[in-house]
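To start, the structure itself, in structure tokens.
Letters are used for the chains, namely A, B, C and D, taken in the order the chains are written, and counting of residues starts over at 1 for each.
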Amino acid sequence: MDKPTAPQRDVDLLGRHPERYPDLTVTQQYSIPYETVMDIQLTVLKKRFDTLVHKVPVLAKLAESQRIGAINDIHDAAPLLFPHSIYKSYPLSLLEKSRFDLLTKWLGTLTSVDLSAVDVSGCVGIDGWLDAMDSQTELRIKHSSGTTGKLSFVPRTLAETEATAKGWRRSFEGFGDEPHANALAGFEDLQVLLVGYRKGALAYPRMMDAAVHWLYGDDEGKVIASNPGRMSADVLSLGGRLKAAQDKGELGQLQVSPALLARRAAFVEEQKAAPQRLKAFFDDIVQRYRGRRVIIVGSPPAVYDLAIEARKAGLTDLFTPDTLASIGGGAKGRVFEEDYKKVICRFIGMEEYPLDGFGMSEMCLGSSRMCLLGNIHPLPNLIPFLLDHKTGVLLPREGTQTGRYGWFDLAIQTHWGGLLSGDRVTMTWDEPCACGRAGPVIHSEIRRFTEIEGNDDKITCAGAMDAHDKALEFIARQLG
Amino acid sequence: MAKFNVPLILRGKVIEDADIEFGGRRGGSSFTSADVREHLDELPLSTPSALRDLHQLKFDDIADFLQEVGTRLSFRHNAYLQEAYELSVTTSGLSPQILKVIYETLGQGFGRSVVHQTADKSIGIPYLDGWVGMKLETGGHAWTRAFGARAVHIIAGNVPNVAAMSIMRNAVIRSDMIVKTPSNDPLTAAAVARTMIDMAPDHPITKHLSVVYWKGGDTRVEEALYTPAHVDKIVAWGGLASITHISKYIQPGIDLITLDPKLSSTIIGKEAFASDATMREVAGRAAVDIGHRNQEACHNARVVYIQTGTDKEGLTKANRFAQYLYDSIQALPPHISGPAVAPDPALAEEVDALKMSIGYYEVVGGGPTGAVIVSQIDEPVDFARLLGNRVANLVPFDSLETPIRSTNAYTQTIGIYPDSLRMELRDRLALHGAQRLVSLGYAGRFANIGPHDGIEPLRRMCKWIVDEEYRPESVALASMT
Amino acid sequence: MAQYHVPLIIRGRIVDDADVEFGGRRGGASFTAPDVKKHTDAIPLGTPSSLSDLYELNFDDILDYLGELHQRMAFGRNPYLQEAFELALSTSGLTEPLLRRTYQMMRDCFEPNFAREFADSSIGIPYLEGWVQKRMGNGAMASIRAIGARAVHVVAGNSPLVSSMTVMRNAVLRSDAIIKTPSNDPLTAAACARTMIDMAPDHPITKHLSVGYWKGGDSSFEDVLYQPKNIEKIIAWGGFASITHIAKYIQPGIDLITLDPKLSSSIIGKAAFQDERTMADAAQRMAIDIGSNNQEACLNARVAYIESGTDEDGLAKANRFGEMVYAALQSLPPALSTPVRRVEPQLAEEIHSLKMMSDEHRVIGGGNNGAVIVSQTSEPVDFARILTNRVANLVPVDDLEIPVRSVTAYTQTIGIYPDELKAKLRDRLAFHGAQRFVSLGYAARMSYAGPHDGLEPLRRMCKWIIEEEYDPAETPLPSKSYAEFAVTDA
Amino acid sequence: MQDHETNAYLRRPALSTEELTAAPEKFLDLTITEMHSIPNGTLQELHTRALSEHFTAMVERVPVLALLAEEQHVREISDIAQAGPLLLSHSVYKSYPLSVLENGRFDRLTRWLDKLTAHDLSALDASACGSIDEWIDFLDANTDIRVKHSSGTTGKLSFVPRSISEMDTVAKGFMRFFEGFGDEPDAHLTGFESLPIIHAGYRHGAMGQARLLDAVTRYFHGGDDSWVTTSNPGRLSADVLSLGGRIKGAEQRGELGKLKLAPGLLARRDAFEKEQAQTEERTRAFFHDVATRLRGRRVVISGTVPQLVDLAEEGGKHGVMGAFAPDSLVHIAGGSKGRVLPDGYREQIVQFIGIDAYPRLGYGMTEMVNATHRACPLDHYHFRPNIVPFIIDPQTGEQRPRKGTQTGRFGFVDLAVKTHWGGFLTGDQVTLSFGDTPCGCGRTGAHVDPAIRRYSETEGGDDKITCAGAPDAHNRALDFITRVAE
């Protein structure tokens, strides 16, 4: 098939507004000659650096220590990629002591948005702080699920979430004449069924916020969630805080506020009602949407649990085969007793489990699905980097390379879009994939370095005991 | 990629089949070994009575034997040690130079003086050699003896000494020992065992040492082995890593002795900052506690509390001290310490992040050569438990309450400067969970006196038996009173 | 049916609510107690440093305290003990006279001289009092001290003395004890604590003893309590029942000390059968080891191997010896042993079945007076593990290998006759798991000094701290010396 | 009501009092309505006379009864209460030394069994048997005895010397389980002999369930086994059961190493391993059969609660739901067998089988010829007239008065037993109303309250801690066998 080449005006437009990429179809996005894509990337990269280096103190510090005054080539950005832990480089005790003024100050070193005027005195808990930021600033902070214990805070803005919403929509779309090429027909009329929490500042709720706002004209009715409540950031951070508290000995213990433990207790209580809630949700959607085409959103464990409800009720093929499913994230350490993909397909009524995607919550516009050949194609707004994981040196952007994956997201405008992941990735730069998409290819076997180096029956006498909180571990598993 | 075969040693018998392949760590070397499951019947000691031969030995026989083993463990002449060394180079977190010193000095652990001190100071040789009698206030006589037991030792592999020391201790208490080796040091214990076999194949001590590798948690092996019928004691290093496999086998009749993983720290009093000279000298001593053996051991200092104060001036001092400390660590001789051999990516990421973050932490150095992080508040970094690869965290404080109350059950050694401060703090630190207090700079030097990790492992590895004798003429039968 | 109330005692504070009701055993007494879950935060000792008040005492202060407690624990004058005794009457396996005697002698373990001998012989008072210096081979001036710990004691209830001993141990070790009482003796520990509160409400020793009852295995409470931040040691009596649900709490920072359930036996050599007189003497001693405290304790003999031989003549001897033992059992003084109130139904049935069905066993006696079962082969009865209520099983053997090989990790005391035989067998018996040997007839005479159950529980209940001082002048820093080495490196 | 029922009995005096006295097993030829309409007075009379005959017949031929009777000074029985002291507890049925099994001394075991049965085994030489299974086969082949053994959680199996002469009664009794009373919906049970029988468990072996299937095929289907479908067509080996318990015991005593295996058992190790290997295959086959041939049919289905739960779960995995006709006959035996059941397990079972409601529970014990009695609509259990109940004081062993409602240890004489003494003392605490206080459902005769406990439960497990005694552990029988293989 002949690829539509991108008209020059589009190129210029994208150079000015890379966040507009999702206005193009997936076919269009991947059909732009990669040289053109790289031109756009360099243009935007220069502009971003020049503006942000003066507004984002951490970037300034890094640029200075790396002696980088300007960016003339994509390579120059490699030393400027942030390790993702930069977004949790605050002392955990700030949360414990409710020093949200200091936390805001810290966040201020990472974004170009001016936070000096914000008043967060009297914020109760992280949730309180997030609300304050939502209401007083354009920031829509997105935090991690804190499986490692400590939450990272990414200072996204409301404006940036437009690309997120549109990108999410595009993520259902196939390329060229692939089966899902027309998946978006009638998209706007489809009911979204969210298996999980509707409110909160985690990836899923934030994305739903974006979708409701930018795609559904603030029609909250478009989304129904198994739990209309809020996933509390305070609860999520508990695990980490308990652990840190223990590391700090008695001092730490004294810091664990009764309020904190009360919150935990309350949450664990709430979790007890989860099965009934899920059951109710299930009965509701069966009654209202059975046999219809819908959009199902949730993490594998969450959707799997819903599928089990269906099995208990002896029901299968609840929705139409062309139903859209966005089941992101891994198994979250949950072990399934059988092939969960089959179970989920049977429950929804899909022939095929949706192709796995690859993306990170720090990206604004980045999650894309594998092609039918099982390869991953970074979206044109992402500049991929591969670094030697020992030396940190940039690997040549040619041939096939394996190293630590980093990226720069052009769609991010108010904080530095360059990030270094913990993933080991193999990329082929100069042999386009047979699927027809232009540009470099990421091979599907991706591993975290921490896993690779991981403990294999190694016994050492050095270390400390993790404060493990079963209730919280459980929660971490449930979240997308 | 280097390939090694780890022999299975069953009481003097060496089995060198290569049934199974195990992947080594760090994608480094992998090794093959015989499948223990094929030898499950020979693994446990046939009958407890078979401990008899060991108990007919006198302590001096044992000391002589070990002395001789020590001599034969000369690195230059001992091919087994050399092989163990080569494997360790690929699996250990220690640099070749450091490993070399360890293996060159391994034999010293079997020297008569060490052995004598171990037996005498921790238990008392008479109790090991026979029944020690005492007259009972309540009338009658009692004898007590510390017997050996049938023990499985799940040893740590971060430093090869653990293997050597465990074997030495076990010989001293006359136990039948099955060493379950870790994947990060599968050969050292075997090397010692083979040295014994070459030296005295039929000696009871040789005959009561088995060295085995299986993947921890292999239920087919562990269910068969961990029953009171076969084992009296399980000595487990490594905390959860090994306990999680074991705890389900704990039942009456099996005594679990855990040598938990620990972290160590340092407290440096204000005296150290009196002059620039003392600052440099103290930095030199702290550097040893931190960098010694690449911070791979539990006695290595990780968090260092410094009484500089947290005001502006204090912080300036702290940051200056950090520079001295970093330099001293870099200056450590290669056989003591070197750049990270097995960098921990998770740690590296955290350090990089702090390096560029603004407000709470200053970082000196970074990368494989190590780093010193200075908290600008009186709290350690949140990832303190990850510290390694010669990365230390200086925590300035105003009141001694801060370091004291930061001590917890996972604290092993605390290096303290000056000694007067140690005397002042020792009781309170002990109450908070510290288990060993030592002059700054000597954390790596163990007096090996008995207590360890707050318990008395050697005494615990023994079975303490009492024999009471009464005569009706001196103590009336209960029915008569 | 009698109603009792069991208070929850938290470091000198008495909580008297009757939130929960528990049914006692044997359909005996049921009792009410406060719900420990309501006091989850108060029960653990906040921080280890709160032990420091105990360290302002010296050992003599502790002995003085115990001395006075010894006075106040006089059964006749102590209403708390009397109440505990009342309750025990319906929950304990011991009969009234035996229980009474037990409660009368309970105070003895607080007697200062006993406590001193106890502490000194099992640990050494200097180690408890301060730092003991030793010059070490590697140049160190080392000091050692045994420090108290925050411990939970899950105590056994078959003898009330377990509770009082625990209280005494905790005092001499300067530890903080939380005693979890068993349903078959929920009041004794509380009685000690209340006596202490009346005596010296604010004394550190009083302030470091808590006593409570909760259903063992109640994870909603134990999950919270059994955490390294709350306790350092768990001392658990009893077998799987208590250990299995505690084992899951084993983790770095918590040291589990198990005092396993044990069974005891006897070995009687052929020397005992040389003439009537010796046989009578051995039978007398045998009866004491079987019958004292009605065979409720782990040190009571249950199975006795007798070297009478198994040929016809041997069996005849064995059966006659059985008769003698049974007779001796009946004539034991009531303060030592009495007919039981009720034979465990399961045991009674087993005995009755043997009587009717088995050619291979001979049953002498039966019912509340106890019984002696003489095996006519070299095998103990299959139900040997439930022998109690003064029921013993004599097993004739030709070869002493049989008793030696029958010893297991669950064997505690072995009473042996004659003493020469004891000297001959003790090593091999020890290899096989036996933990205590004693002249036949003295099994019940526990000398509290020294090891117990093959381990040294008292030493284990301490934290052993070491301090090492080095002088760079004598011992160069490792960085300066090439062949620096550390014997133990962990 | 009452006289309607009485009439039912009178209307069709199927059997004369004389017949029933002479052969009480004939009670099972009556319908439930008939047998439970016999007026209490008549029943007492019947019981007294039948009991006295049973005693006289057995005391001559069953040595243990003779011994007991002598010990209790009972020469004859003229009053029911006299049988009270003659009830044998289950420990009698396992009073042989365990070493007999360990060392394979089946000659001694036979001599022991001889004391329990009216059959004369003195001429029998079982010394050649290498394992329990062989011994059972040996008895099956050479005598009329059809030994029924317990699951032997302790490793010691109890052996009850049933005989062929009791088998037909067993079969009839099984059918009666499903039968209702008076005008209850299922009062008129028909077509039983035309229903396929499905059993969740082993087909063969000498435990209650397998022996029951033998009896049922024999009586209703002329021995045609094709009527029976089981999830495991293999044999539940007595040796494996016993070994399981012994391993547990040995572990408790730390003597696993000392555990002896009967030589015959070691020989069959490979067979066991195959057994294990085949299980999955067999389950698949079973479900295929259920999903095709048997799907939707009216069937008789039986099993213990855990067995049926497993079945339902497996069914879920194999996508089988509502497998059979709603009017299928369901027999669910036993308690949870010490297993923790998933909540909602009843729904699971109901959904799998495809019935409207979980069947009423049954009560009984393998020592009864008819092992179970289904509860009446008021949830009371009514023993069939061949059972003469007793209530014994658990502490004193005294017999409770035979009138009104009594709580205590349950004992009975089963008059349908022909070849051994039918008197048995259970370990159950029950509350029983004697015939003089009949149940509201209209059935005459004694009935039992559904609140039943094992004394072992009421006694121990009560957070009692002692330093004497030995611990408990778990069962790894086949692993063990295969392990000693290496």
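Operating definition for what follows: a contact is a pair of C-beta atoms (placed from the backbone, for glycine too) under 8 Å apart; a residue touches a chain by one contact, two chains touch by 3 or more.
The structure displayed is predicted, hence computed values, not measured ones.
Trainee: Which is the least count of steps on a path of touching chains running from chain C to chain D?
Mentor: The fewest touching-chain steps linking chain C to chain D number 1.
Trainee: Determine which of the two chain pairs, B-C or A-B, is joined by the larger number of C-beta pairs in contact.
Mentor: Pair with the higher count of C-beta contacts: B-C.
Trainee: List the centre-to-centre spacing of chain B and chain C in whole Å, with centres computed as mean CA coordinates.
Mentor: One centre to the other, that is 33 Å.
Trainee: In whole angstrom, how far does the Cα centroid of chain B sit from the Cα centroid of chain D?
Mentor: Computed value for the inter-centroid distance: 59 Å.
Trainee: From the C-alpha centre of chain A to that of chain B, how far is it in Å?
Mentor: Inter-chain centre distance comes to 42 Å.
Trainee: Among all residues of chain C, which ones touch two or more of the remaining chains?
Mentor: Residue numbers touching two or more other chains: 47-49, 228-229, 239-240, 243, 251-253, 260-261, 405, 408-410, 433, 490.
Trainee: What residues in chain B touch two or more of the other chains?
Mentor: 156, 159, 162, 228-229, 237, 239-240, 251-253, 259-261, 297-298, 405, 408, 410, 432-433
Trainee: Which residue numbers or ranges of chain A touch two or more of the other chains?
Mentor: Answer for chain A, listing residues that touch two or more other chains: 246, 250, 254, 461, 464-465.
Trainee: Where on chain B does chain C make contact in their complex?
Mentor: Residues 47-52, 55, 101-102, 104-105, 108-109, 113-114, 117-118, 121, 131, 134, 136-138, 140, 142, 144-145, 147, 156, 159, 161-162, 165, 228-229, 232, 237, 239-240, 243, 247-248, 250-256, 258-261, 284-285, 287-288, 292-293, 297-299, 332-333, 335-336, 404-405, 408-410, 419, 422, 426-428, 430-439, 441-442, 444-452, 454-456, 459-460, 463-472, 475, 477-479.
Trainee: In the complex formed with chain B, which residues of chain C make contact?
Mentor: 47-49, 51-52, 55, 113, 117, 121, 131, 134, 136-138, 140, 142, 144-145, 147, 228-229, 232, 239-240, 243-244, 247-248, 250-253, 255-256, 258, 260-261, 284-285, 287-288, 292, 328, 331-333, 336, 404-405, 408-410, 419, 422, 426-428, 430-439, 441-442, 444-445, 447, 449-451, 454-456, 459-460, 463-472, 475, 477-479, 482-490
Trainee: Per the contact definition, I'd like the list of chain B residues that touch chain A in the complex.
Mentor: For chain B paired with chain A, touching residues are 22-23, 25-27, 154-159, 162, 182-184, 215-217, 237-242, 259-263, 296-298, 300, 342-346, 349-350, 352-361, 368, 375, 377, 379-382, 384-385, 388, 402, 405-408, 410-411, 432-433.
Trainee: Given the complex with chain D, which residues does chain C contribute to the contact?
Mentor: Chain C reaches chain D through residues 23, 25-27, 154-159, 162, 182-184, 215-217, 237-243, 259-263, 296-298, 300, 342, 345-346, 349-350, 352-354, 356-360, 377, 379, 381-382, 385-386, 388, 405, 408-410, 433.
Trainee: Over in the complex, which chain A residues touch chain D? Could you list them?
Mentor: 311, 314
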